[in-house]
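In this document, chain identifiers A, B and C correspond to the written order of the chains, with residue numbering beginning at 1 in each.
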């Protein structure tokens, strides 16, 4: 499932695909526009035994389920002595979360849980989630107790394509549907909760002026074209692949001044990771000039020439991309994701439309 | 990964053909065990079981530790199995094979989960100090039917074992050496034994007890039944394999019960012999004024 | 929470209101996943499992704990590799069970060996049938649900087999271990009953009385085995009916939708 999966395409097919995707506008094998996503099926609150759950099926048949479970845990490092000095306002300030209150695990069938690629996926997902620092704060109950949140992310299908966006979107939905029982106790006493599940508030309160869990999108560039939601085959010819995590910026600051602002949300970049594109390990094509099968002068040429082929590009012959990405391309990729009314915005809108419950 | 040599087609055919004619390679009856031997070591809690060419050694030991947080009143009881390359080239150190996992699960279900050892009696100070009893199972030679031999060895070792005597006085726990006070036996509730059936034939219609290693390689399925002599089933495990008629399984269970009763009296006899051996001369020897000089 | 078994003898109703020989609701679907060779989703009461089958295919590089090979060494038949992932959120208290947990390995090897006996693995030499099972929610009878789901997914994958391998659990009222003649057998235990009462899991081959898997993990009088086994085997027949219905309904729908052509010899298939 590491992005370097075996893609069974010949060098000729790779060259053709690369060329088609480099055109302006690019022509994708399935006829989509560069920013267009494939259809997906999503549902939430599928498991009554969890605090929140979601399932998403992508068009390529990959499917993931995320379950969220919360448990009350005693906060470490609290000593009951400084009770007197703390006033009400001080208590509010102490409402701080710790990153270790969230535990995120990823299960990929056929991979060990300590496999490097699984651990990398889990790290990327939790990094985006905790990036704004506000998430763990939601888990605070009182100075002595907090919620410990367990996110179990399971890929149901065999890992056909790089599952990061799928897992991220499913986690997003699961968190949106997560509810924690309503607190009935006050202050720092041992917490007890309302057992009426219908009264339980959402972890991300429903409504407009709130933040939402982050999403991570996979974006790739071929030449100067930026392509969203790449398929496995498209990834095989990518020059650069980025995993970009975005979150919605808190709107309380902007709502004061920006009444007449442009539609769409203000997005915040949470993290960017480059993903090693599988194109790097694809086999190169051999130009006719040096192909001994064509028999012309080629049979006379020996090894030294064969090696020079690697260095020089021949039109229409596939050569795996070498070297890193240009900063300008990277910037353009990130910019494209963050655009107001752009792709990330669209995805968030679409996920909004998924009914809870 | 090293692998066991497979029986050749001819060998396979020969064994099966013979079984169809009600013959086993070593001339035993279908429900007959190989000669069973059990010896105890000089130390308490060491049992050596030999079943034909299969030989298993179990050693019980105990130490004082802190109990698990969620079970403050219970002692700790563990069975550790290790199949070393000594028993068969297919076993590697540090990488449990399927055989090893299934063996240790079976022993755990048979002896531990059935409550053969009263773990509450191992508690010394609630929540602070308990006995931790551990049995190490070593397979010295593998010629089939490891499970039955290992189970017998574990039960024998535990029943033979004596843990140091202790006393509590004004909050101070004293553990006595064997010289100070005679060690005490574990609080033992019942003795479960495993009986493993092996099935042969397309429909699993031929059932054998105590299969040798060769026979195990040719069998189409197996079923391990654990019972004690009071007729209580402690565990049954037929983990897949060719389906067998339900009625056959019931008959197997009943035969297993008679075997278990035999094992049980065999073990009782051996334990009694061992006590007699240790107690040479008994009280009279101790009282005698004569010395060896 | 002790189970009040005295209530049973009064009304002959169990904690969830079932009678002694009643199964919980079984809901099953096949072909739940487009990309897989075979897939299924199965609910037995609140126990929910999903299964995805890949193959028979060429064995890839061995990685991770692919599961228990039934065929193992010999290449003449396909290897059935099973992996079971128990989701952390599946039980009431979140519990992480490692993939190398011995109980998990035992489950995997049991399912692999049970399937291998029914699948015609000799038709696919040098190949692997990868069965991955996911446990989403647990409420007793886990092994039975896993076996049923795996069978359905293998049907969906079109792997030839002798018959369905179907499983269910059976138990016995009253925990009293000694000979209690009045103890009734029970069918299909839920989690609470599984904790309190002796029980066993039975898997049979289709409608026959032939038992592929028999697992009993609790202490019980030998005399009660017969009753429990009989009820279990009978339950398996009921489960087979239900699973067969699921497969037939799906097949019918696929023919009606034109996804597949009606096979030869099926002209008299009822399509209404």
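As a working rule, a residue touches a chain if its C-beta (ideal position, glycine included) is under 8 Å from a C-beta of that chain, and two chains touch if they have at least 3 such contacts.
Note that the structure is predicted; figures quoted are calculated from it, not measured.
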Chain with minimal offset from the mean of all protein Cα atoms: C
Result of counting contacting C-beta pairs for B-C and A-C, higher pair: B-C
Computed distance of Cα centres, subunit B from subunit A, in Å: 52
Rounded Å distance between subunit A and subunit C, as computed from the means of their C-alpha atoms: 35
Intercentroid distance (Cα basis), subunit C paired with subunit B, Å: 31
Subunit C: positions in contact with at least two other chains: none
Multi-partner residues of subunit A (each touching 2 or more other chains): none
For the subunit A and subunit C complex, residues of the former touching the latter: 47-50, 53, 57, 60-63, 65, 67-69, 71, 105, 107, 109-113, 115, 150, 152, 154, 156-158, 160
Complex interface listing, subunit C residues touching subunit B: 68, 70, 73-74, 102-103, 105-106, 109-118, 177, 200, 204-205, 208-217, 219-223, 225-226, 229-230, 233
Subunit C contact footprint on subunit B (complex, rising order): 3-4, 6, 98, 101-102, 104-105, 108-109, 113-115, 203-204, 220-221, 223, 227, 231-247, 249-250, 253-254, 257
For the subunit C and subunit A complex, residues of the former touching the latter: 33-36, 46, 48, 50, 52, 54, 63-66, 83, 85, 87-94, 96, 98-99, 130, 132, 134, 136-137
